[in-house]
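Listed next: structures, encoded as structure tokens.
Two complexes are shown next, each including chain A; its partner changes from chain B in the first to chain C in the second.
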Partner chain A sequence: MKAGFKFCVVFLMALMVFAVIAGFGAAPVEAADFNWKKYEGTTVKVLFVQHSIVDAIVSKLADFEALTGIKVEYSITPEANYFDKVATSLSSRSGDPDLFMSGAYQLWDYSSAGFVENIDNFLGDSAKVVPDYDAADIVKSAVDALKWDGVPGHAVGKGPQLGLPLAFEIYSLAYNKRAFEKAGVAAPKTYDELLKVCDALKEWNGPGSYAIAIRGARDWGTIHPGYMSTYANFGAVDFKAENGKLVSQVNSPESVKMNEFWVELIKRGGSPSWSRYTWYEAGADLGAGKAAMLFDADNNGVQQNWPNASQEAGNIAWTVMPLAKAGDTPYSNYWTWAMAMNSASKNKDAAWYFLMYFTSKPFALYASVDKNSVDPARTSVWQSEGFAKKMAQQEGYIDTFNKTIDSTTILFTPQPYFFETTTEWAATLQDIVAGQYKSVKEGLDALKAKMDEALKDVDL
Partner chain B sequence: MHTQMEWKETSVRKSQALSAVASLARNLGLTLYALFALFPLVWMVICSLKTDAEMYNTVFRFTPTLSNYNAVLLGTDYFNAFFQNLIVAGGAVVLTIVAGVPAAYALARYDFKKKEDLAFQILSFKFAPEILVILPIFTIFQKIGLYDTYFGLIWVYQLITMPLVIWVVRGYFEEISVEIEQAAQLDGYKWFDVFFKILVPLIKPGLVASALLAFIFAWNSFTFPLVLSGFKIQTMTITSLRYIASDTVHYGQVAVAALVAVSPEILACLFIQKHLVRGLSFGAVKG
Partner chain C sequence: MGETGAAKSAEIDYNEIPSNVRRRPYYIIAPGLLILIGILIPFVVAIFLSLTNYSFRLPTWRFIWFRNWTDAFKDPSFYHAVWVTLRYAFYATLTQLVLGVAVALLLRKDTFYSRVLKVLFTFPLMVAPAIAVLIWQLMTSNSVGVLEKLLNFFGVVNFPWASSHGTAMFTAVLIDTWVNTPFILLLVLAGIQSLPKSPFEAAQVDGASAWFIFRTLTFPMLKPFIYIGLLFRLMAALQEFGIIFALSKGGPGDTLMNISLTGYITSYQFGRVGKALPYLLVLWALCYVVAGVLVKRQRKLAKLAQGY
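Now for the complex of A and B:
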């Protein structure tokens, strides 16, 4: 009898341990009183861009399907062509896809055309949200970056929730510790220090190596990372509302000063091929030991610093971007990869289940700790031991994030011609660096005229 | 006399030497050109055998690895995309030949109203950039259930393959004398036999060359499969770019994907090289 009792206790304890372990691996969000099977049998179609967060999502699709009974069909497209596919699909108003990944800038376009469902319709209805979802845990600035009221000139942070963040990027300075040791310099904290460090790091790793990798290609991607963050840190803004119109401020004294600094930075420390540099070239040069610093998205350098990812893997560290003086608030621009819902979707509730599951706390932890999606959109993940352990090799990464995230927001003024105006901006920057204008001011005056012309039809 | 013979011999020797030098120079030039032309392929093979850490080394010393092949061929559904591409591109060319060759014959042999307008209309399918016409096609495909289907893609690929085959093969039919057909019919051949036993062998070089080019265009098509499929069917042109992710790029894997992607085209070109050269040059020298 006694032996039988012992056996029962051991058996029950083993069962409990098994249940707990199984519970961790199975469903990210479980609640006894929430009916995950409500939309069983529905098919949800999702458009993904190729990204590390998507690898994590795809690896958990079977779990989601088992939990909800919802079938998921998906398509993964490389970013270079992804938005052509999204724009075509949304503009057909067929309701296909139900969900799509997007950045905030693209959502300004799509929401202006009425293609985007307001996620507040679901988040605001407690009956539709699993009790332990904890929306307040999603990084607030990332959530706010995806809110916009649709009025050109109005800043993000107010209005409908156009999507929920899956991952994001902020801008900071990544540097090669080996290069800095070799040159005997410390991580620069101010603009002046940055220029001096650039001089010290010329050809630090032999011919062809240089100080700082920054983007310079003739497209909008050149403007939004380090450039826009520094632009804001100089106190410059892109547009101001004047007499019912958005008026470009790119030739303001603050902007001129910033651009003069930027041009000098490129000339003193940038790559000779700067004008064709995108995310990939800039990041690759840091990893290959060509560039000693990278002023770009924080996670760009991480991709080079995973073990065996590049020649300089393990040598890369992060610090807050240089500012006017040490200790100033670092204003960083934002990029978010968000999941948004097609307003023409015929399966909105099932699509919401997908969105809720893959923006949940347990999934965010899984994506960042078990997989390689960095910059998680959940505060709890940033504070978790698992993530700290995972990022231990990325020296200064979490610390830089913590010092920057509260002053991170979208620094552009939302307006419908975002891509046209920023691409023109990048082209002018190239021309200024190439010496096609007598002065920086002359180039920016010409750019202002073009931007004002592009926005002349936009009434506030 | 003796001097004249000596001079002739010297002259012959000189011309032989010159000819040998010219031959050597030609071969050397061609070898250099072959190296130049094949270098991208060689570079791709080298990249496919490198790790990410060694990717940016410009020296040829590296530790070869098959990890990129393992990641692409076994770790992802790349083969699936390869076969889907094969079905779509192959299916498109077969349909083009079945429908296009009789159409080319009709345009070459028969006189009917608006014949040239019709021929021009077929050619004009190639004029519009795909991205311009894709939205209405997308909407129509969604409505009639052809979106994300093999048949839908094979059908829309006709815009790429059909004009090429019809216009090349039509030229070949026009070059064949109508008396040959009449003679065969006098010998008791039915029209069907005349077409398959007399005409098709005569147009074979042009048909093979244009079919191969049509296959290459269909195989490499990007915009149509990008927008008109993706959930159930994803062709290789789209899938091969997956190794360039938004946040990172694995050039070794891109090289493997590219090598696999070009292999059918290289094989097809090697096998039908004879027809290809003849097919493309045959019509040009005919007067």
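Now for the complex of A and C:
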């Protein structure tokens, strides 16, 4: 009996030891054991847009090359011409570039043409993912914004992962505190207040200075920031599914009302060169003391507000975008700069290493704290002390972000002719502001016809 | 019989010619033929694709025959693009010709200052059009532009330049003129230097006025050179893309949407290659016809100037 008991104890202990050893054997590979050199000698080609996150990436390329032995060739193009270059390169199907930066909307166009690799093919394979990558730490809304099932009209958040986010942005009102003090006005909370503040800030800093910088160039970039957010806050939508087709709603009563407000805003407070303004001009005018407000991406003004970054550095603060009445929910459009993979790439695994490295937690922290890329796509960075300390010098930035982020989403209806419909939208808006139509409604009726024509072959 | 025999002996039997000699004409025309084929391939492909629904977004394509063409001709934006193209070409070419000829005549005497000015005037030619636009965008910027500051002295604030429907064409033509007038200038200067001296000396001896000499001698003899300048600049202005695209992407609205820009944006930004090609082929046809007329006229003038 005693011998039997002893045998049982020894057997159980042996079983436990075996189980522990077996358990260790089944444990995932340690980060230190991950073979970063697996694709040594490969060259990866990347298209970058001019952006603060790219400054951070470029500064770490040498480290990446040393870690992996992968050589990186890249080009940086200003945003105004960037997507033409991407479309041309992808459509050549040559596999060059392997990776490219993109927003979610552009990926609708590119993925419909079959140009985009599904990142789930890598993320879903634990052997290809460095163990401490922690994909769950990537901001969920940014990850979801880059998922789309390819069906026009279907919302984002489902389907293949078309890219991984590097950074994102929401839309808010940046304003020059000095200008507001000088004019004796407070930050506007409603549309009416905004128009009144525009009147008060006319030539606030001498001849040629004006109240509010807004994008107005003849491209999609004009529509997606403050304009689209305000459009949604007026209750307007871009498309509705009707009889198996996406039908433009740009001439709806809500849209007409919103556009009438927008035209008045530009006329009462905008730059006389509004129709040439892209991200760069709008931000630069705030920094140069030319514009007193900037209704654009929250991080645009930040780049002007770092110490010594511009003439008005230190004077810029943020507040929630103006709404119909104070306290309303601020619906903001959502933009994320992501890195996507060319489906024709011949170096997909090496490209994945690049993607993994530059969307990792350590890099995201470095890009946001040591460099100047804000709105990081990693939750851990938002929660880090370093980031909080750094952003404390941007008055109202974090507070505005927190008040807006929960009601931030992509406000466009996903469809494969995003470029065409939004370019026509911007061109028509320019015509409406210039008085080329008898009324705002007439301009929007013409725009609706163009948008419906663009999507006539798209079946739901 | 003797004559017939002589004629027969004079005839060359093609088969008796060595094959390498027989092939010689083909060798001679081969490089030209290859270049011609090289030129024609994209052209033929363009015509072919214009009959399809080829798009960057579609994995496959199919023939839709003349639908792209009929759609284009039914679309008001096509006629708008043609109108913008013609207006732009007219304003830009006329301005450059008048300025180029005028400055060339002013610089025709060989002095120290004219030599310095000739060098300075060629500087814009060395600048790529897109870079020239960037320079001008900075100069015309209402925030930091030197031209804005200059206009401020005269009480003009926030001149709209390319931002306004009313001044966008003027701004684009202004930049085009800055870049390309030196081309006309150099061409006409070369023409002036090649003119024979004796008719001018004879006219001066006879006491002819400067205006009379210009009207009856200088201008008629310079016409072939001016026509060459007209041909080159008109062709380039009809096809203008770089300046307008970098300046305003065709805006505001559709103000500067000429054929080149409409074709490019439809093709590369919207991905509708088949739809864009009728625009670009119409532009080719327009240039072909205009160039044909101008070349014919230039040859006639050159003969007249040479006294034929």
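Here is the rule we use: the second predicted complex is superposed on the first by the 425 of 460 C-alpha atoms of A that agree within 3 Å, B and C clash if a C-alpha of one lies under 4 Å from a C-alpha of the other, contacts with A are read in each partner's own complex, and residues count from 1 in each chain.
What we mean here is this: a residue touches a chain if its C-beta (ideal position, glycine included) is under 8 Å from a C-beta of that chain, and two chains touch if they have at least 3 such contacts.
As the structure is a computational prediction, the values presented were derived from the model and not from experiment.
Peer 1: According to the stated criteria, A:T88 is in contact with first (chain B), second (chain C), both, or neither; which is it?
Peer 2: A:T88 sits against chain B and chain C alike.
Peer 1: With the two complexes superposed on chain A, say which partner A:P78 touches: chain B (first), chain C (second), both, or neither.
Peer 2: first
Peer 1: Could you look at A:A288 and tell me whether it touches chain B, chain C, both or neither (first, second, both, neither)?
Peer 2: Both partners, chain B and chain C.
Peer 1: After the superposition on A, what does A:A434 contact: first (chain B), second (chain C), both or neither?
Peer 2: A:A434 contacts chain C only, not chain B.
Peer 1: Which of the two partners, first being chain B and second being chain C, lies in contact with A:H51: first, second, both, or neither?
Peer 2: first
Peer 1: Based on the superposed arrangement, let me know which partner A:S275 touches: chain B (first), chain C (second), both, or neither?
Peer 2: It touches chain C, and chain B stays clear.
Peer 1: Identify the residues of chain A that lie in both the chain B contact region and the chain C contact region.
Peer 2: Looking at chain A, the two contact sets intersect at 80, 84, 88, 91, 284, 288, 290.
Peer 1: Name, in rising order, each residue of chain A that touches chain C in their complex.
Peer 2: These residues of chain A touch chain C: 80, 83-84, 87-88, 90-91, 109, 112-114, 207-208, 217-219, 271-276, 281, 284-285, 288, 290, 416-417, 419-420, 423, 426-428, 430-431, 434, 436, 454.
Peer 1: Report the residues of chain A in contact with chain B in the complex, numbered from low to high.
Peer 2: 45, 47, 49-52, 73-81, 84-85, 88-89, 91-92, 94, 96, 280, 283-284, 287-288, 290, 299-300, 303, 308-311, 313, 337
Peer 1: Which of the residues in chain B come into contact with chain A in the complex?
Peer 2: 51-57, 131, 134-135, 138-139, 142, 147, 222, 226-227, 230-232, 234, 238, 241-242, 244-249
Peer 1: Residues of chain C touching chain A in their complex?
Peer 2: For this pair, the touching residues of chain C are 55-59, 137, 141-144, 148, 152, 157-158, 160-165, 248-254, 265, 268-272.
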